[in-house]
Structures are given as structure tokens and as C-alpha cells.
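You will see subunit A twice below: alongside subunit B first, and alongside subunit C after that.
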Partner chain A sequence: MKILVALDTKDYSRKILKNVARLAENTLADIIFLGVQEGGTKPAKSMEKALLKYQQDVYSHFSPDESPYADFSSQKWQEKGPGDWIMTFKGMKEFRLRIRTGSVAKQTIAVAAEVESDLIVIGCGSKFGCEWDGEMNVPLRIAKDAPCSVLIVKHVQKAGEIVSILDQSVVSQDSLEMVNQLVTLHDAGLKIVGVKEKKGGKKDKIEKRMVDLLKYYNDRGISAWIKLLDSKDVKDYVTHSSREAIVALWMGGKESLVKKLFSRSMVDKLLETTRSSLLILR
Partner chain B sequence: MENKQTSILILDDEPIVSKRLKPSLEKKGYEVEAFTTSAAALARVRERQFDIVVTDLKMEGVDGMQFLTEVKEKYPDTEVIVITGFATMATAKESFNKGVFDFLAKPFKLGEIAEVIAKAEKKIKGTK
Partner chain C sequence: MLKTLLYINEDLASSIALRYMAYLNKVVPIALYVGHVEEADEKEQTGTGWVRRAWEDGVASNGKRLVDRMLRTENIDCPLAGRPKIFVGDRETEIIYELRSGNYDLFAQGYLNTADPDSFFSFISSSLYAKAPCPILVVKNLTVSKKCALLCADSVSPEVLVEKSLPIIGASSLKIDIVYYKFKELEDLKILDREEGGSQLRETESLLAKAGQSVDGVTVITGTPEQTGDFLKEYALVASTFPGRKSMRMQTLANSLASVLLVR
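Our next item is the complex of A and B:
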């Protein structure tokens, strides 16, 4: 697994490091810490200092003989291209620091595509909703356009439940696996909520999907609950659930009913109200 | 050993995993056998040795940990790569204590596992 973590020098970025460290400890993932600065011909001292400190914080979760990452040692930035610097620590798993210039959302999406990350993790402030350095739409833009799943951590807390919202469209294997990792990481209960359209004959299809998923989890010793909801009820249900649980929304295929229901403004609203984290699955 | 095709056994109870992995690895020149039940995979490793074994952990019946334990006991020089959708620190530690070559949490891209397999192959060829 490859995890891209978008970070800046603010408190909300520092706060997600514990989550990132736990993810790294459990999954032994390759990690990329990305900082984006407005411009400049070399990495800004403040960004460089923050990323190195964040890396140290994650390393401190591992005992020296158990860390999958290369020793924290003095490395130099390599210029990868104009406004693009990288520092690589190669151990059994790879840890990279990367600084780029430009817009945070655009650069995060570009790096995720370039390195083929499986997950983007990003924090956000909660003063006004879910803001990044005073801007309201950065986490939302990343969630909307990323080529992979995105975990937006608003409040760092251990989630007791993962609520996964699915519809009749094909759910990717990667999405299921991402949900499984979060359930394992949080030792959380799993609730799978199927969304059926108000009218039409998709009920059988979604019901079959739910039964298949239940069997999938039962076979693996994971306790999962399933629930079928009418599309008209799902927004209220999700808004309510997102207060305590991590909500995972499948926003994949073109035919996704969940994608249609959870328009940009609705996801924005969820980000405002959640007291936990939101996982956008692809 | 230099000219011998590297043999790989894949064990994952989700057929989609082998369906993705097998053709991709065969295209790279590996000899691949895929199994979706640990019983069938165990029967096969009792018949012959594989250079590399890629196994899931959480499965019905004999789980991946028991499977890899038997593989490493029978063939200590077979390199085992664990792939799991339910990764924990404890299972990673236990796997490494049993001598696995690498531990990959799902999801992963084909390129990522291909890279790990290439490293395992390099190790095998370097030690024989």
C-alpha cells in the first residue's frame, strides 16, 4: 500500500500524524509526505522543518529494530523538476518527503497520480467547517478529483464504527480492501448501508450485493451489519452517522447513485458536520 | 538456476486477486500457479517446491499464517510474501518472525507486488 499524506505547517496537519503513524505501523505502507508551498526556487525553511519534524514523529512510533523505514539520517533535497523537490529514505519500505510549488489540491492530485498512491490522507481545521489554511474547498477538491481513495481526518479519535455507504454500481476491490484496513485499524464495527432508488427494479440487485458482502465478511470472521435504505432517507442517515463514525462513501463509477446523491455541496456539508473522518472510496 | 523459470504459488481466497496477478506475472516470465483454497495450495506444496509463495492471511480453513509456517518449515529457502486486507502490527511481526520476505497490505498496485517479487527473485538467485 502506498499512502500520500498532504501536510502543511498548521495544527490540523500535526494532529493527524498519530493516525498516519498507526496506519504505517499496521500496514507497513510506503509513505509520501507532501508539502505544497506557493512558489520559490527552493524548499521553504518552514515547510522543510515541518516535514522533517513530522517524519521524526512517525518514526518515533517504531522501536529502532522494528521500523520498516530507513534510519532518519541527513539527506539532501533532490530537485525533481522546477518547483519539485524530493528526499527519499529507502528501507524495507520507502519514506519520501516531497515539496512542490503551486496549489495544494492540484499538486496533491498530481502527485497521487504520479506515484499511484492507494490512499490520500489529509487533515483539516474545524473552526469554520473543514478548512485548509483558511480555504474552505481544498479537502473537498482533493476528495472530488483524486485518482484514489481519500481519508479526510477532521477530528482525530478512535472510531467505534465504520459506516460504508454502497449502491448498485460496481464496488472496486480496492475500496473493499480500504474499508477492511480501516475496520482492522480502529478495531471498529462495520455497518454496510445499501442505498436503493425510490422507484424501479434495482432493489433485488442491491439486496443481493448486501448479502454477498455479508457472506464475504462472515467468512473472514468480521462482524458486519447490513441495512437497506431508501435514497430519500440516506442523507439524513449519513449526516447523523458521520457525527461519531467514520463514513465511507463509494463515489466511483458513473452510475453511482451515492455519487449522484452526495453532490459536492452535500459532501461539503458532511465535512462541516462530521466529528470524525470521511473516507471517499474509489 | 540462472536459466530456470522462477516458480510462484499464489494463494488468496478472493479469485479476483489471482485473476489480476497471475497473467501479469506470467507476462513477466514467471511460472505461476494460483489457488483459492489453502487445502488445495497445501496439497500442491507437499508435491513440489516453489521459489516464491504469495499468500493471503485471513482465509477459511487453514489460514495463511499456518500455511506459510508449513511452507517455511518444509522449504526454508522459499521466499514468502504476505498480502493481507486486514493488516495489523501483530500479524506483521508474526510473519517476519516466521521468516517472510515482505508484508504487503491491500490494496496495492500490480507494480508494487511485481517489485517485491523481483527483489525476492534477486535474493534467491543471489543465494543459489
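Our next item is the complex of A and C:
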């Protein structure tokens, strides 16, 4: 598993590191810390300092004997291309720091595609909704356009419940595992909510999907509650749930009903209402 | 041992119900029978004598294959007390007949939890539920919990609730809570003082004490049916008397994520 963490120097970035460290520990993931600066011909000192500090924070989570990552040693930034610097720590698993110039959303999506990451983790402030350095649409753009799953952490406190919304689309193994990880991280209950079209044509398919999911989680000792909703009820349900729970939206392929229902504005609204995190699964 | 008939089909609700019964068997000794009714199209029901018998055998073997498939797939950790019972005919008539002639203590059936109270009400107000001679367990979720709740409200008769629920939950190792529910439109569910439960709650407690049943906890809650339904998810099952169509208790049970034991 490869996790890309988009970071800046703000408090909301620092706060997600504990979760990132636990996620890395549980999944033995390769980690990439990405900082994006507006411009310049070399990495900004503040960004360099922040990323190295964040890396130290994650390393401190592991005991030296058990860390899958290489020792924290003095390395130098390598210029990978114009406005693109990298520092790599190779251990059993790889830890990379990367700084790029440009817009945060664009660069995060580009790096995620380039390194084929499985998950992007990003924090956001909650003063005005879910903002990144004062900009409202950065987390939203990443959530909508990323080629992989995205976890947006607004508040890091424990959520009592993970509410997974799925339709008839195929569910990837990685997505199942990510939900599993969130349940473990938060010691939370899991609710699986199937969405069916009002006409009801695909009910059997959704039920089959839910049986598979239920078995998957039960086999791992996770009990899950099941609920089936009509597509017309799902937006209200999700908006309400997002106040207390972490909502995981399975946005599968082109045919995905959840994808159709949760338009850009709806995801934006969810980011605004959530008191914890939002996970977009692909 | 509670003689129990579990109705199964080939669907998610039955899949959950089968596994739930296996769990329940660990806390309540159950003699579990599974049953299924093959409802053939009326147009197909032709012939008399051996022709009809041969046709019925054919339909029944379809049902048997379905039940075998389900049992094989779920592979539950709970022995069956007898061979699966396959019937051909009208589903409700056949089940009622079996429940009466077999002298069952409990009928169980899976129900896929939805947000639609009307769908739940039409499910529990069918003639099967109206005429069933024993309590009915509507299995909604596989809740692995060591607790169950008696759901009290103003419209509940404490005598019926306690007297009819105890043969099921009293025989179990489940801890018993009493949850007294009052409806109120609130932003979040609120726990009230025990006194707010009034005489209904006191009577329920006293009846349980008389029956020698200890109560683990008493909670008086107020909020919307949705909030209360969510609150109940911590229980393996919630026992209640049959609710009226427009009652808030009906809405609460419809929203309950926990399985519902209905008594009358």
C-alpha cells in the first residue's frame, strides 16, 4: 500500500500525523509526504523544516527495532525536475519527502497518479467549513479528481462509527481494507448502507455486494450493521450521519449511483457538515 | 430449549438471520429448525392425484436446493434440530400451520433494515404476524452483544411485555436493560432522570423483580425515532409489544438497528 500525505505548515496538517503513523503501522505502507509551495527555484525553508519535523513525528511512533522505515539520517534534497525536489529513505518500506511548486490540488493529484498511490490523506481547517490555507476548494478538488481513495481529516477525535455508503459497483480489496483500518484506528462500529435506485432493479446486486462485505468484515471480527436505503433518502441520511460518524463513500466506476448522487456540491456540503473525516473510496 | 422456526430465503436478510441465530444459540439454548415455502405460480398448479404430487415434489425439491445452498454457504456454527422443512403453497398459511402444529416457542425471520417505517409496518402487520401463536423475532442485524432491552413507552402494557418476553430472554444469559422511550424532536438524543419513566417504568421493574429477574440498567431516553433506533444498536435484541401503525414506538422499532422481538 502506498499513502500520499499532502501537508503544509498549518496546525491541521500537524494534527493528522498520529493517524498517519498508525495507518502506516497497520498497513506497512510506503509513505510520501508532499509539500506544495507557490513557486521558487529551491525548496522553501519553512516547508523543508515542516516536512522533516513531520517525518520525525511519524518515526517517533515506532520503536527503533520495529520501524519499517530507514533511519532518520542526514539526506539532501535531490532535484527531480523543475520545481520538484525529493528526499528518499529506503528501509523495508520507503519513506519519501517531496516538495513541488504549483497549486496544491493539481500537484497532489499529479503525484498521486505518478506514484500510483492507493490513498491520499489530507487535513483541513474547520473555521469556515473545510479549508486549506484559507482556500475552500482544495480538499474538495482533491476528493473529486484524485485517481485513488482520499481521506480528508477535519477533526482527529475518535469517531464512534464508520458509515460506508455503497451501490452496486464493484468494491476493491484496498477499499475494504481501508474501511477496516478506519474501524481499527477509531475503535468504531461499522455501518454498511446499501443504496438502491427507486425502481429497485439492482436490489439483488446490492444485496449480494452487502453479503460479501458483511462476510469480509465478520471474518475479521468486525461486526457491521446493515441498512438499505432508497436513492432519494441517501443524501439526507449521509448529511445527518456525517455530523458524528466518518462517512466512507464508495465512488466506483462510471455507472456508480453514489457517484451520481454525490455531486461536487454534495461532497462540498459533506465536508462542511462533517465533524470528523470523510473517506472517498475508489 | 426454545423450539424455534427460522424462515429462510436466498437473500441477505436470511444470510444475516442464519448467522444471528447461531450467535443467539450461544446465549439462549435453541432447538433450531429452518423452514422455507415455495410459492408456485397459480397457473402452474394444475392436475390432480399423482400428477399434482409429482409437480409438488418438483417444486419442493427446488426449495430444498435453495435451503441447502444457503446452509452450505453460511455454514453456521449451530446444529439444526431437524431436517429443513420445505412447504409448497401460500407462504403465510403454511408457516402459521407449521407454527401451530409444531408448537414452537419462537418464530424468527430476517428483515433487511431500511429507513422506511411503512415497509417495516407492513412487514409486521401481515396476517402471518397477526396470527402467529408465538413471539416473533425480526432479525435485522448481526449484533454481537451480551445485552438485550425491554422497550417501554406510554402505550406499552408492562404485563404483556414482561410476561411474554421472559420465556425468551429470561432463559438467556443476556443482561436485561429497560429502555423507556419518550418522543421529542431534538438535535441529539437525551438521557432523562429515571423518574421521567413514570408508573409504566416502575410497574415493569416491579414485574421483573417479582419474576426473579434482575435488571442490569434502566435508561429513560428522549429524542427522535431515528436517534433512538441508533441508540438500540448496542443490544442483541429489543423486546417490545406490537406497536400501533402511527405510534412513535413503531417508528423507533422500524429504525432500530438491533433485532426486534415482538410479543403480544
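One rule holds in what follows: the second predicted complex is superposed on the first by the 279 of 282 C-alpha atoms of A that agree within 3 Å, B and C clash if a C-alpha of one lies under 4 Å from a C-alpha of the other, contacts with A are read in each partner's own complex, and residues count from 1 in each chain.
Criterion: a residue touches a chain if its C-beta (ideal position, glycine included) is under 8 Å from a C-beta of that chain, and two chains touch if they have at least 3 such contacts.
Since we're looking at a predicted model, the values are computed, not measured.
Asks: Examine A:178 and indicate which partner it touches, taking first as subunit B and second as subunit C; both and neither are also allowed.
Replies: Once the two structures are laid over each other on A, A:178 reaches subunit B alone.
Asks: Can you tell me whether subunit B or subunit C touches more residues on subunit A?
Replies: B
Asks: So, does A:113 touch the first partner subunit B, the second partner subunit C, both, or neither?
Replies: neither
Asks: What is the contact status of A:237 with respect to subunit B (first) and subunit C (second): first, second, both, or neither?
Replies: Touch partner of A:237: subunit C, not subunit B.
Asks: Go through the superposed model and pick first if A:207 touches only subunit B, second if only subunit C, both, or neither.
Replies: In the superposition, A:207 touches subunit C alone.
Asks: Is A:225 touching the first partner subunit B, the second partner subunit C, both, or neither of them?
Replies: In the superposed model, A:225 contacts subunit C only, not subunit B.
Asks: Using the superposition described at the top, list the residues of subunit A that contact subunit B and also contact subunit C.
Replies: none
Asks: Please name which positions on subunit B make contact with subunit A in the complex.
Replies: Answer in residue numbers: 13-14, 16-17, 58-60, 85-89, 92-93, 102-109, 111-112.
Asks: Can you check the complex and tell me which residues of subunit A touch subunit B?
Replies: Going through subunit A, the ones touching subunit B are 1-2, 25-30, 66, 92, 116, 118, 173-174, 176-178, 180-181, 183-184, 219-222.
Asks: Which subunit C residues qualify as touching subunit A in the complex?
Replies: Answer in residue numbers: 11-12, 15-16, 19, 112-116, 140-144, 226, 233, 257.
Asks: Hey, which residues of subunit A end up touching subunit C in the complex?
Replies: Subunit A residues touching subunit C: 189, 191, 207-208, 210-211, 214, 218, 223-230, 233, 237, 240.
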